[in-house]
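What follows are several structures.
Look for chain A in each of the two complexes below; its partner is chain B in the first and chain C in the second.
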Partner chain A sequence: MRYNVHYTDEENAVRLMDVETVKDLLARRAYYLDGGDYAGELRDLWVQDPEKRKTASYGENWGYLVGMESLEKKYAGRNVPETGWGAVHTVNTGHVHLAYDGKTARGLFYDVYECSASRPDGTAETIVVCGPLACDFIKEDGGWKIWHLFQGADHVFTVGEPYAEVPIPRPDASNPVAREFPEPDVPLKTYDPDYGWADNYPPMPDPYYTFRPEESYGPEGHPDYVKEVTFS
Partner chain B sequence: MSQSLHDRIHRALGAQEIENIKTRHAYLHAKSHSFEEWDQLWVYSDDVTWAHSFGRMVGWDEMFYGSVEKYDRDMLSLYNTMVKKNPHIIGKDFLAACLGGLHSLASGVIEVAEDGMSARSFFLTPGTLCACNMPSCKRDGAMCWERYGSDFVYKDGKWWYFHEHVCPDINFTYDTGNWAHDSFSGRTGGGPPGAGAPGGEGTGGPGKGGPLKAAPGGPGAGGPPKMAAGGEGGGKTEDDPRNDGRYPHCTDPGPLHATIDKKMGITQCVQSSISWPLPYKTLDDGNSYAPGRNDPDKPVKSTFYRKPRWR
Partner chain C sequence: MNHIDAEKLVTIWEDRRAVQNLMGIFSGHYLLKKEKNIVAEMFSGRADISLGINTGYYEGREAVEGYYEAIHQKNLLTTKLIMSKYPEEFKDKTPEEAYGCGLLNYKPLDTPVVEIAGDGKTARGIWTCRNSYSDLTTGGPVTFYEWGWVAADFVREETGWKIWHLLILNDVHVQAGLEYYEADKPYPPVPGFEDMAEFRMPEPNVKVTLRESYSPNRPRTPAPEVPKPYETFDPACSYGRKEA
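Here is the complex of A and B:
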């Protein structure tokens, strides 16, 4: 379906600001991550409306955490080594579509980041990760919030280890990003980066009229998601 | 320049749309879905151009052949090679299963013309060209840093891609050797990495096992050639590697740009092949990445099947 939607200049000015604001929102998240402030990220940048909190989600290659309570426990509860830890996230290549109704927005970005951590034996491990970052944003009390976020890992390099020697397919046990992902509420192999971009997840957003869960970056938007239905 | 609020909003929306066209290109190119890109994003005109080091394709037919038909064929050829070595990719999208990575976009400059009918952009891509399904059957972790000069036009109420000029600057791998030193020593004749052989052009060469230090002064005689738009010094010769079938036919033959490699050296200055756009009034030869080819309405002398589906 194609829409022919017309806006006044004032409406267009608001839409311009909305798109820039959601791009800023993900950039701000990068700085929270760089500081390891996951709790602050959830508090300041994610949905607060009680109903939206229930359906908020965070996904990686291995499934989704669903609901802010789960995120606060598992996502924000990840350990940051006290002996030394640091990260730098570069969020780039933003492709953003604001819904025609102006209530939500969807964006696909790419995040090339570095993360370093000290080990108990005094050595350090650094990884470089390239992966997609997809987000559903929602307007809440006049501002924009993160509602569903998917952070994929395409290529994970451990600095000092030849990438060519990493096996194909890669066992999760040898993947430092997989080791850090908490027990998912919705376990699902969301996509397999060992097939390049063939799985097409997360998909690039297209122009859309209004939010629909089956088109979201939450679990219900994944093509392999199975919704349990009981008929009484 | 004094403009109405309406016109200023039109130009601001245009700048956002240019970002989306560029990023849509990046994600479609990551999947090697060329047909979707040219079907959805490019204006149907015989003044469209797409340029790279090897030259500039001009006109819809030439560009569509080089960027879609030839590219699809190359991807199918790679897939067929890989299926024999890695049967696990059978059934996967043959365009997207082998090559990987993304030409991520950074440092963007976007200018929308005063008349609101065209726009120009300049981006740098620190591209992560990593892949799992290569003929080596090994993972490949490489980067490709390029600069993009792009022109766009506003036609029929929509923004369209019009010209693209890609200038690859640096290619290197994450995990094999010292690509920068290899490039430097190749240029200067300084010998193998860490060998401490005499350097060239006043560098003195690196000491054994020591840090690489380039003496001031930069490249001397025989430094980087001037690469003017339009292909100064271009034209293929019989022993030109561009005749090996890898590159598509180009109305404007290259080279249009030289990648920093063993021949050019890591310490060469950034070339002036393309530059970032400045504020401008309208698309013309002084404000275009394809001077002389600025008519978005130029009729296409094309075979029918190459016409985009919905236009």
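Here is the complex of A and C:
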């Protein structure tokens, strides 16, 4: 949908820089991940507003963590060994739409990363992961922040193992990324790489006027999300 | 964010784009085997330019020029050996036309974070780099994978933004076909490529470990510092060697 909205030159300049800033924000996240600093990422880059903290979410193929308290406990609480651990995330192919009201933005990127961890026998396991990275951003007093983030995994290669031998469909037990994902607050088969991108999740952002949860990259934006309602 | 007027915002946006374009061209120079032009075309004219790699800094104009001149000499040597080895394939080519044959090195730069100084005179940026390159060895062509970072201080000059202090740091450098913790395994010598054994890149003139490559014994190490908003250049926050 297109909206007939007119902006002044100054508003256009701000919008230009807003798109640049949200790309910058998601790029900065990669360097926190490269150092295994998940707590620092949440502290510095994610929403601070108390109401937005309640609805912040992080999703992977197997569901969502919801609320900053959950993210701080489960996402930032993941074990990152002090020795023999390394990672490099390369984020690219950004596609961003800034809401016409200027309060939020949505972006779809791609992340190709490697992550190595030592084994007890003195060797190491390295995985290479390729997957979509989708984000709802929101402008707070302190600037743009991450609100809902979805990090999908398309391909998960273990270096040194023939990829052709990976079973299809791949059991979670054989998937190093699945093993690392914490117990989700909203369990959901969000993304099934066995079927590629045909299901269009996470969807490419379209031009939009204002944020709506059902169009978000949080759980409510997933087409298979069913809100639990308790009748008394 | 403090209020910044529209003209200033657009200038910042254009400067960020110019810095990113500069590094895109830098990346292209590796792909097109134009390394010998990098210093003259992309670096500042200042005397105090530098290039840092995992094992130290090439500090000063002469050292940085020496680094890229060595790559040029390697390209010449490789071209000569490959043309000699495969005369039929190169019978219609001059050495100038075949320059750089058999080599492929592309540094795709992702994940940009760029800050333009408040005074507009300098900039700082960092990128991630997921690189693969093919090299000629005494055992023939070999491919290597690299995962790491490229970061730089930039300075605005009359002809535009230029590189001042450059860092190219690898977290992983591994021969294709090996696990990420394994040392290179040279292939048996191939007749005609013996001269590659004589080629050596110059050592950094300031030897210091800037990045220990990944190993199962390495302590967890943060990524290189990511630029923060700043008003004016501070040597203490440089991608060149920090002053003591």
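As a convention for this text, the second predicted complex is superposed on the first by the 227 of 232 C-alpha atoms of A that agree within 3 Å, B and C clash if a C-alpha of one lies under 4 Å from a C-alpha of the other, contacts with A are read in each partner's own complex, and residues count from 1 in each chain.
To be clear about the criterion, a contact is a pair of C-beta atoms (placed from the backbone, for glycine too) under 8 Å apart; a residue touches a chain by one contact, two chains touch by 3 or more.
Quick caveat, the model's predicted, so the values are computed rather than measured.
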| item | value |
| --- | --- |
| First, second, both or neither for A:27, with chain B first and chain C second | second |
| Which superposed partner A:162 touches (first chain B, second chain C, both, neither) | first |
| Which of chain B and chain C A:43 touches, first, second, both or neither | neither |
| Which superposed partner A:88 touches (first chain B, second chain C, both, neither) | second |
| First (chain B), second (chain C), both or neither touched by A:80 | second |
| Partner chain in contact with A:9 - chain B first, chain C second, else both or neither | both |
| Partner chain(s) touched by A:193 [first = chain B, second = chain C, both, neither] | first |
| Partner chain(s) touched by A:204 [first = chain B, second = chain C, both, neither] | first |
| Partner chain in contact with A:96 - chain B first, chain C second, else both or neither | first |
| Chain B and chain C contact sites that coincide on chain A, given as residue numbers | 9, 12-13, 16, 90, 92, 112 |
| For the chain B and chain A complex, residues of the former touching the latter | 5-6, 9, 12-13, 16, 19-20, 23-24, 26-28, 30-31, 86, 88-89, 92-93, 96-102, 104-106, 126, 128, 130-133, 136-141, 174-176 |
| Partner chain A, residues of chain C touching it in the complex | 1, 5-7, 9-10, 12-13, 16, 108, 110-114, 126, 128-130, 147-149, 171-172, 178-181, 214-224, 226 |
| Residue numbers on chain A that touch chain B, as the complex places them | 9, 12-13, 15-16, 19, 90, 92-97, 108, 110, 112, 128, 130, 154-155, 157, 161-166, 168-169, 193-198, 200, 204 |
| Of all residues in chain A, those that touch chain C in their complex | 9-10, 12-14, 16-17, 20, 23-24, 27-28, 30-31, 34-37, 80-86, 88-92, 112, 114, 116, 118-119, 122-124, 126, 143, 159-160 |
